[in-house]
């Protein structure tokens, strides 16, 4: 990553009012506090790393307004409300330089059905397959080897990475980003077994993904039995996540890697499901629910509450029980001591 | 999903003898009880939703024979033994209309080795790659961008979705369905480390998938070290599942999303492994074993028994321990009280 | 798998000094002790299977030097220090016959940017896409449908299986093997949410994979926010593993299927993470740490120690607590008994 910024550009991109110290050269890299070299931009985004600011060789450091400390000679502190957010905005500018949105193009190796509609300015990369009646919105970017099934409707400025598969009849809003290897619209896992042999329950619904959703790599989102599996506006889903049929993920939820949500469960808005957690089917997780990593939820939750463990409990109780369970050896010893002390009195 | 059925067709497809009420119009959709509009078909498949039948605006509802209640005016109840199964059969009919099995075709962009054999009526979609000596059975459908390695044998009427990878020498029976992104025949995870450096144990066996198996999206099934990893007839495997080398999955097993089975373990017939559960290697799970979600099995199991927890216990014991562990805070208090009560008498 | 070896070849490949008994025919297969037929080679690699040696019909068996027992008539025991390793070397020879490294070739259906550099002897299979400024090292083998993004640097003799995706700017060393469906360099999961709407934190770093790393199927390794996510020399990663942004996996680590490592965590060398385990972010796992299956680590670890459970404890403590927790029903009864015995004395 080769960059070249002046301090004034950093100040402008980060919206900072206050600079401590000065740096006259070019900023040529971004690095963590510990790894930074002269010429690098760094930031204090997590209090855990506060002691590293003093040691850092970075030329420019984004620090919180309230940070106590002064820069070394030739070093500049840029004071901002949220250093992580400020850096995100600087990196966003960089990203658009590194990987500029491509010009309109349809690669000759792409296989596009004659009834498919490709929007203005869309970029369809090599090896893509677009089936009948699919619509690709204006300026959307299918990078390479993407499959878009029959009748899929895709909004504007979507970005689909290589080897993404969108099954027939699914619907994507605007600015949806999907990472490589992810599958949208595979069949839900449904069988009837009247005699011990599993008879398939056809899955003839679809998946609807609303605006501004981002989905990680190698995730799977199943189509509904009928009606729709739905991913709400602005929700963010990480890698290797399983979303089963008929699930509704509310707006602005965060689903971390390797988590799974079973069939027909509803997550209201702003639910956070941490990594490797699992949610049983046919539940409702109220707005703002937080599920800890590896947690297993098998009940409806209350708004804004934090749950941990498998099976899950409210986090404060789960924590107490974890601490007390470490004392089980002591508990058994104390019990034995009491029993022994009571023995003589039984005589 | 646009449909148009008469009540008489629903009756015939569901095998129902008994109708309560009447509906004269066309059935134009399928929806859950709560979401249904006039013109929709709905069903009562889970007792949890019984109260919703009364409120439902569906024109036709599949209900169990023993359901207590009568339809509203202009509404019809179709009484069947198993409403979910009846709906599955209706949807199966619909599915075959929505996505009819394609005509024989080999897309010009497919790359097929001259020694590969393509069965009668097979449909090979765009971007597929079929290596030397592979055989594709009659009427099998490789949708797009599928990879079939050297010497693979595939039966009749298989359906492989986009971006599926079948490694060399694997064998698929008839009517096998594999969803997008799934990998069959990757190397088992085996190394010898005589000096701290891991030396690869080559994996030169294969994977054998018997008739009527369905496998979800982004699942991985490793080839055997030598001999075969085997998936038994009629077994159903969900998304993001890991099946390690030399595992035998018995006939009619169900393996739910994100579960994993370690090397050389044998599942007899009709074992159910729920989501995110893990099975240690070199075990035997007896017929009909059930493993609860997120369970961790590290011992051979007994036929038909239900296990939960990590490490797993028989479910009834696991449940009792979960309930008692929630009472640990109380337990410690009671113990302290006893200890205090005993202190004076120690004087 | 068709093979034909003489005993002398097996002896030579395994480096064995000592043979017990004799077998004059051709060795035509490899099988587990229990499954072997006359003509097969078998091995005793796990003490659990010792009793099966006596019953085995294999013509040649690799056994440990110290194995007590003698071969049947017409059967030969090949005594070696490590039968699994000896078999691995024999199978390595076989593997190179079964799937010989291919001749230099660029398939006409591959789409290769004019600025990409393809090394001497490299084999680029059908449907591959290689973007601008990428470099593919000498003799590397991209099997089919592989995507290599802009500016990727790949060393010599790498083997990438079908449907692998390497995002822009990632770096691979020599002899890296990556199985089908795996994604290298997807965006890390990072958002800032100043007002409840998640604003993307661009991920403009890369992934660096050192020499002799092997990665399984459908795994995802995210690029760093800036700088690099790093996989150390000789590390082996299984299927469906999640490696988050900025993680450093040390040399010779083993990460088993479905495990996950959260952002910025560092694993020193020779760490073993068993299946479905999860590691929280911003941690350091010391050299030789072992994490048990389904374990959840949320603290820095000590060198060479073994941890289990979620949340994890040192394994010896976790085991004791698991055993004691099974006695919770008994514990409650004993407590009640004491309370009852104390009641009369309260009078």
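Order as written gives the chain letters A, B and C; numbering starts at 1 within each chain.
Throughout what follows, contacts are C-beta pairs under 8 Å (C-beta built on N, C-alpha and C of every residue); 3 or more make two chains touch, one makes a residue touch a chain.
Model, not experiment: these values are computed from the prediction.
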Category of the chain touch graph - line, ring, star, complete, other: complete
Same-site or different-site touching of subunit B by its copy subunit C, using the half cut: different
Subunit B and subunit C: spacing of chain centres that average the CA atoms, whole Å: 25
Multi-chain contact residues (two or more partners), subunit B: 109, 127, 145, 163, 181, 218, 240, 258, 276, 294, 310, 325, 331, 335, 338, 342
List of subunit C residues in touch with subunit A within their complex: 109, 111, 127, 129, 145, 147, 150, 163, 165, 167-169, 181-183, 186-187, 189-194, 196-206, 218-220, 222, 225-227, 240, 242, 244, 246, 258, 260, 262, 276, 278, 280, 282, 294, 296, 310-311, 313, 317, 320-321, 324-325, 327, 331, 334-335, 338, 341-342
Partner subunit C, residues of subunit A touching it in the complex: 1, 29-32, 35, 46, 48, 82, 84-85, 87-88, 91-92, 94-95, 98-99, 107, 109, 125-127, 143-145, 161-163, 179-181, 214, 216-218, 234, 236, 238-240, 252, 254, 256-258, 270, 275-276, 293-294, 310, 322, 325-326, 328-329, 331-332, 335, 338-339, 342, 346
